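Have a look at the structure that comes next, please.
Labels run A, B and C following the written order; every chain starts at residue 1.
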Amino acid sequence: MAQQQKKTVFEPWEDPSEKPIIRFKNVTKRFGDFTAIDNLTLDIYRREFFALLGPSGCGKTTLMRMLAGFETPTSGSILLDDKDIAAVPPNKREVNMMFQSYALFPHLTVYDNIAFGLRRSSMPKADIPGRVEQMLRLTQLTQFAKRKPHQISGGQRQRVALARSLAKAPKLLLLDEPLGALDKKLRNETQFELMDIQEKTGTTFVIVTHDQEEAMTVASRVAVMDQGRIVQVATPDRIYETPNSVYVADFIGDVNLITGKAYPGNGEQVEIHWGEAQAPIRANTSKSLAAGAEVKFAIRPEKIGIASEPPQDAANVVQGKVLDIAYLGNISTYHVELPSGDVLKAQATNSRRISRRNITWDDTVWLFWTDTAGIVLTE
Amino acid sequence: MNGRRFSWFNATSLTLGFAFLYLPMLILVIYSFNESRLVTVWAGFSTKWYGELLQNDAFLDAAWVTLKVGFWSSTLATVLGTMAAYVVVRSGRFTGRSLFSGMIYAPLVMPEVITGLALLLFFIAIGLDRGVLTIVLAHTTFAMCYVSVVVSSRLVTFDQSLEEAALDLGSTPFDAFRSVTLPIIAPAVISGWLLAFTLSLDDLVIASFTSGPSSTTLPIKIFSSVRLGVSPEINALSTIMIGIVTVGVITASIVSRRRLVRQRDDEQRALHQE
Amino acid sequence: MDLRRTFLIFVPFAWLLLLFLIPFGIVLKISLSDIALSIPPYTPQLDLSAGWSGIVEYFRALDLENYVFLTQDNLYFLAYMSSVQIAFISMVITLIVGYPIAYGMAKAPDHWRPTLMMLVILPFWTSFLIRVYAWMGILSQEGFLNQFLLWIGIIDTPLTILNTNWAVYIGIVYTYLPFMILPIYAALEKMDGSLMEAAEDLGCSQTSAFWLVTFPLSRPGVIAGCFLVFIPALGEVVIPSLLGGSQTLMIGKVLWEEFFSNRDWPVASAVAVILLLILVIPIVLFQRNEQKQREAGR
């Protein structure tokens, strides 16, 4: 009989004996009248691939620059391995950064770019070539060592930037929108390469991005930010399945939002009254709600089933008319208009070929979902 | 301008224009080889004026002084001008900022007579004897403003994340400047140096005010000479100077063009690798 | 970090204060002094050993006598006016000569451009004194121009051009031509040629398309070029000295002579102060124009 190995899950944030490598304690950063970071507290653990996710202006880049040392907090403290680093200048921190524009030194070869930091560290001169070779091998750049940045392609430049930032084996590596300049195919490949290198080197990575797909793919935990505050910090699956607010639900992936009033029932059951002449939605929630409380019901399109005949035994059913179909090859998203005027999006895989599908524009259809498919949000 | 036909009018204006610019210098050069002393009557080919010139101690001394002054003032001006450029582009607000900007740009538009007059009166007031030192001080002062204009226009487009990357990797701010910024803005700094050098070599008015009896510069010598009238030795000297500048400008033009072509080729090659 | 920044600001700042601002303060002070037969040839001298009363005496002896003198003596007023006139006329001629050259450069095929640029810049790097000297040999009675005109028979007797205002115009135009060409070329080069084509397509002749479309759009370059010629030409010394005559009155030359020949330093200083004041207006206008251009993002 084959022995089943229990897979160890990487969850240092759940472990009370694990000390975080980075602690932000009530950090605020103001630029004149503008508050970029508002009383932010956050812990990041060793070996995490941590993502700061949010739209432009949410403060994620400012937070990263504070870690690098290019900005100092207006108030609050930042601890690296329990030491306050606010007074430490960037060249003395054990933190390295991979810049969005790569910032490769154009007048130096790939080799010299990677060796730059090493030559300014306490590493003995004799050891430097070995380390540079190691970095070149790690990023598959060995044959380009003698070239200058303008003599190599964009993808190769990105790898030089990565190699250069890892050369000093920093405690923390910051990545500022590292994949933005790459085309989609290269981006996907590079995402997995990054995860690979992170695991291999055991470095803590903090990545800043506005691309939620990227954050979800690479990160062990994601912090969704809005206007200088962290809205939610959780693993990608929890962010996706159990967002704590409309903001997060809407930011990540596609979501249907229905406004209504909640009437709690037995245990976790709750009924949400919405629309006109619509049957109440039956959902589950662990939140304690007052009767008649205003809530938003969030449900992902792929959790909504679509049928051309009314289904039996479904917890929630609504009838509607197909307004639009977005065909994406492997899946189709159906925009269904309900009698109340709301439009719900339902997604289904195209398991049958196009000519054989039985749902088309203007069809009357029934949407259905279970009572645990969605989530009740109060903010 | 794209898409416009190059008309006969354009061709004529270019030809006449450049003829106007170059004919006087050509005439100057031709008559430097004139046998006769009368610069305006051709009497046969001769290089004797060059010989006379090279034996004229007064001119040779003046040339030496001019080169010395030029070298020192342009080097000093480059250092100060680069610092000033940094202040203008990077330093944000500080007390006296508008005064600083004013002082950096004012010499560019001030008539040289006024600058020269002011400096001479200053040197007298502090009791500094006029000589090579005073000319160097004077030239440095106005040249640094030109250098700062050249360097600051380069600094404005300089990617600051390169300096941040250097700091991040362990450089001190000065090391970041020395290892990263300076090598990259070097062409602008060198242009600044060349500009300062040319301005110094060419300056008559300010040098007249700030030079002493034993520190005559070449322009001063030329000026006092030509006031008395045209002379073929001056033609010879002019030809030599024009020759040096022409060789310099053509070389610089070829070098920069070749660099540009090579860089473009490299980038094309890199693109095709992906 | 702050110490470094302070040092960076301090060094050039101190240099300019010492060798630019203070000298101007001294000019101002001397313009308020009197001429004296001493070394240096002006009075009062500040004698700090006389203590506070010495300082008070010093300031009491300063007066606006020199400025009054300037307004009384016609020479200076005429010289100022003449300088403005000469600078202005030269600027206009430079514009008329320089614009077609800049236009030709802008329309030239792309592979000519670097060479054309080099041809315009080369005179700029050549000694200014030499280029003015060249014209001495051309414009004199026995000079190249007269010989040429006599030879082809246009004139019978040599023209007197040297030592007149006309020689000065030619000299200024010649010397400052690159300063007019380059800004105009820069403005024209950035222009989209299809705008002219659009104008012609809508019914304009080539000439009116130029005046209605091209010229107005090149205005910033024209204005920059005009300032770059007018302002320095106003204070010119070398060109009026070598090419102009005793009739040619230019304030720079007057200042020079006042200083070196007459040794009247206080009056020379007063002339300098007024020249500066006159220049302030065009300079401020020029700066405003540059600012507007920068904001318009051209």
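Note that in this section a contact is a pair of C-beta atoms (placed from the backbone, for glycine too) under 8 Å apart; a residue touches a chain by one contact, two chains touch by 3 or more.
All values reported here derive from a predicted model rather than from experimental measurement.
This structure's chain pair with the greatest number of C-beta contacts is B-C. Legend note: the chain whose CA centroid lies nearest the centroid of all displayed protein CA atoms is B. For the pair subunit A and subunit C, the distance between mean C-alpha positions equals 62 Å. Chain geometry summary: the mean Cα position of subunit B and that of subunit C are 18 Å apart.
Taking each chain's centre as the average of its CA atoms, subunit A and subunit B sit 56 Å apart. The set of subunit C residues touching two or more other chains comprises 1.
The residues of subunit B never reach two or more other chains; the list is empty. Annotation for subunit A: residues 89 touch two or more other chains. Note for the complex: subunit A touches subunit B at residues 68-70, 89-92, 95-97, 99-101, 103, 105-107, 116-117, 120-121, 148, 150-156, 164-165, 168.
Of all residues in subunit B, only 159, 161-162, 164-172, 175, 179-180, 183-184, 263, 266-267, 269-271, 273-274 touch subunit A in the complex they form. Only residues 1-7, 9-11, 13-14, 17-18, 20-22, 24-25, 27-28, 31, 38-41, 80-81, 83-84, 86-87, 91, 94, 96, 100, 103-107, 109-114, 117-119, 121-122, 124-125, 137-138, 140-141, 144, 148, 173-174, 198, 201-202, 204-205, 208-209, 219, 222-223, 226-227, 229-230, 234-235, 238, 241-242, 245-246, 248-250, 253, 257 of subunit B touch subunit C when the two sit together in their complex. Across the complex, subunit C meets subunit B through its residues 1, 4-5, 8-9, 11-13, 15-17, 19-24, 26-27, 30, 40, 97-98, 100-101, 103-109, 114, 116, 118-123, 125-131, 133-138, 140, 142-144, 147, 174, 177, 188-189, 191-194, 196-197, 231-232, 234-238, 241-242, 252, 255-256, 259-260, 265, 268-269, 272, 275-276, 279, 283, 286-287.
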